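Heads up, the next two complexes both have chain A, just with different partners, chain B and then chain C.
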Partner chain A sequence: MAKTDSSKTMDQYFEDLQQTRVWRSIFRSGPGSSTLKRALAIQQNVFLHLFSTKVRVRVLSFSATWYLGTLTLGTFLVLVATGIPLMLYYHPSVPQAYADTKDLQFVVSSGMFLRNLHRWSAHAMVFLVFAHMFKVFYRGAYRTPREFNWVIGVILLLITLLLSYTGYLLPWDQLAYWAITVGSNIASAVPLIGNKIHFLLLGGNAVNANALLRFYVLHCMILPLTAMFFVAIHFWRIRKDGGLYSHGSEPATMKAATANVAAAAKEAR
Partner chain B sequence: MADEKTTASDEQLNDPSRREFFMKLGLGSLGIAAAGTAAFSYQYLEPNVLYEPSPVINAGKPDRYPLDSVTLDVNNGIFIVHSQEGYFSLSAVCTHLGCLTAWKQELGIIACPCHGSKFEENGKKIEGPAPRPLPWKRIWLNDDGDLLVDRSTDVPPLARDSFVRV
Partner chain C sequence: MADSKDFVAGVDSNAKKSPRRIVFITRRTSAQVKAETEDQIQTFPEVLFRAAVAIEVLAVVLVWISLMFNAPLEGLADPSHTPNPAKAPWYFLGLQEMLHYFPPVVAGVLVPGLVVMALIVIPYFKVNIEADGLFLKDREKRQRIFYVVAATLSIFLLVFKVYVALAPTLIMAGVMLVAAYSCPQSTSAFRRYLAARPLSYWVMTWFLFELVLLTAIGTFFRGPGWSWIWPWQGS
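Now for the complex of A and B:
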């Protein structure tokens, strides 16, 4: 006897949905929860395929990573999600920038919420990037075969700091103006080409309209896109370098463990 | 006969020096294109015209500045000093990292609020982190009797007898 619709559970509805042609055209792996199906679900997803198809539960434990890398990605996504709406009210021009910032703070509905969320996420991201770096360093997760991913990580650290620095100018208040004056003068301390870098960075000799526009474009386009590019490599390399770092899964440790077992077996004999 | 011809042309196609030549030609063109792109990008990023304020500013009539005074022009980043021997002008931009310094009347020094550099009223460095003294700027009287200062060029400190006198 056929089941009546009313007796179907939510799971069954979902399974039915997974059988439909539309669903199958989008998610090719199909229903079922066999190891193969679950691996395919990861491998055939454009975003998830960067990750390993299988992960040990042990390396997903909180103590293994403190989830610092994932949290950093989280703050980055919050920054993108809050930054884009902020761009709708902000004009990167000398007469308007400061007034727009104040409007966002006091006039625009939820403007203060978005701006503060953007600001606090930026602070959190810098903190998390450093924490992530220290965790990786003290666990020794930068060692072979992960050296290259460490280098990518250092590039991402620099991009994070540059994003914070370029974002600092945008409110166009006294704090921003003098911070960027000081910061850009530090850049001109580079031997030989320092003054050239200063000039190109500001698009002129002083922090002015050109500098504001350049920092805006760097902050909203160039640096985020560069960050996404390197984040993609960073994640992909985790898979290519043998998954998340776990002490027990390292070749040397495994070899030692095998040797111990062999020695114990010999002794038993 | 036909077979021989084919073999000959095959050999020609597989001639490594010919392949190498085209490889080098291709890579060379790409290299030239890349160098051109880099050069054009650099030129594009460097503005040819700047809409910045004129480096020569009018500091007004000399009698605006009382005797034995150091006056900061906040908008233009210069000091106008009126000493017993006459007028001279200093940059007010700290030589450390470009902050605007200020005249401290009660201490009789020029001090930077950012990192604590101190200068005498003639620009001489008292205390770092500033690496150099505050540079002097060219100052002169125009035909209307206004003081003009050229901020674009540093001049060596003037001798006391060659200050601007009214």
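Now for the complex of A and C:
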């Protein structure tokens, strides 16, 4: 054992690693843990750059958001992580899709677990997205300048519902088939162009192999990419709109508080 | 505030040339420092750490559920054999419950369309931004409007026999009635709270109430032919 290094701690090894040329070439912010470096770690990273470098302590308390937005993101990440391996075992064709789902249940190792996790996370995501929306509403966090982020949120709500709905058809069992039949029939009720929309959605006049393929493409590619796109805007707007909303930090509230103090001081005199 | 600009800039700027910076000093000013007095915390690593913990707890819960309960899988899809009842996914069962009462254009197109529109315009509504208690200004007039709207809605639901949507409407109307006769100086904290609720709060809470109730009924209380069943009856 190299005696000279035995006194080094894990942290020191990590720091040495951060000093290497390779590390420095990958992470622009470099080593060190000063306030500046921590800020740079966020600001110099493509993805983290969506967030602000500092956050008001007040909005981090559990009661402020119940972390519902974060948890919604969490379910989305779980869904991506389980969805990709599921795609490896699944053919979007009739009746192969059903056989593949059966195989996932009984043949593929941990296939049942994978499918369960994907399914329950999808339900959780729909629930959490609604919960997040109502929480934001009851906090009043939709008000100026956050109006547009609320609208982005409504788009995300619709995308989430569509993601869940398109995924529902994929097992191609009775439950899936009839749920999508019931749901898609509603589209026909749109005045004038209802039947056209219905046809466009299903690629036919009834739920069939074309519909399965269409829903598969929507579910595995178009909708997830759209969701990521809007989630990125959603997060970036939080930073641009002045961080998370907190009633106590609003300019109007602060002004009123200052005015109150001034008035009280005047009265005391 | 309303200073008119006494300079014009950027008129002739050429996009192909590197821009020049010019500083205009229009009047003597002293440097002003606007410091945020609130406590802030660094996103890296503090906030990211909290987010990671929240997501990990969620993951543990989801994994646990997935180990305990299996996702449903029924027989192969069979277009010639319609199950009774044929139900949409649970989050659409509120809609499906409404389809039971109203024609598809109303329940499937008009209502969801209006809900989405209403959600989008929420932050652009002046009443929402001012966020005053609904009955604090013009009390008489607003009470009259409230009576008309609540009565019309209730009669409409009654005529179509939509009792499941009528019940929450009546309950909400009752609470709003209490709010209409509460004042912000009331000795009861609950009534002070009610008096300060703005219009958007009432509409949204009514919507939430209906959404939860209709979804729950569609999920647990509807059997063959969309007839009423009790959850413990099974099917």
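The rule we apply is simple: the second predicted complex is superposed on the first by the 259 of 269 C-alpha atoms of A that agree within 3 Å, B and C clash if a C-alpha of one lies under 4 Å from a C-alpha of the other, contacts with A are read in each partner's own complex, and residues count from 1 in each chain.
We take it that a contact is a pair of C-beta atoms (placed from the backbone, for glycine too) under 8 Å apart; a residue touches a chain by one contact, two chains touch by 3 or more.
Note that this is a predicted model, so its numbers are computed, not measured.
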Name the contact category of A:F134: first (chain B only), second (chain C only), both, or neither. second
Under the stated touch criterion, name the partner, chain B or chain C, that contacts more residues in chain A. C
For A:I186, using the defined touch cut-off, is the partner it touches chain B, chain C, both, or neither? Pick first, second, both or neither. both
Is A:F229 touching anything from chain B or chain C once the two structures are fitted on A? First, second, both or neither. neither
Counting only touches as set out at the top, which of chain B and chain C does A:A209 meet: first, second, both, neither? first
A:F51 in the overlay: touching chain B, chain C, both, or neither? Say first, second, both or neither. second
Please work out whether A:L200 is in contact with chain B alone, chain C alone, both, or neither, and reply first, second, both or neither. first
On the A-aligned overlay, A:F14 touches which partner chain: chain B = first, chain C = second, or both, or neither? neither
What part of chain A is shared between its chain B contacts and its chain C contacts? 178, 181-182, 185-186, 206
Which of the residues in chain B end up touching chain A in this complex? 45-47, 50-52, 96-99, 114
Using the touch rule from the top, collect the residues of chain A that touch chain B in their complex. 178, 181-182, 184-186, 199-200, 203-206, 208-210
Per the contact definition, I'd like the list of chain A residues that touch chain C in the complex. 35, 38-39, 41-42, 48, 51-58, 60, 67, 70-71, 73-75, 77-78, 94-95, 98, 101-102, 105, 112-113, 115-117, 119-121, 123-124, 126, 130, 133-134, 137-138, 140, 142-144, 146-147, 150-151, 154, 157-158, 161, 164-165, 168, 171-179, 181-183, 185-191, 194, 206-207, 249
For a test of understanding, state which residues of chain C touch chain A in their complex under the given definition. 38-48, 50-51, 54-55, 58-59, 62-63, 65-67, 69-79, 81-83, 86-92, 95-96, 99, 103-105, 108-109, 116, 119-120, 122-124, 128-129, 131, 200-201, 204, 208, 211
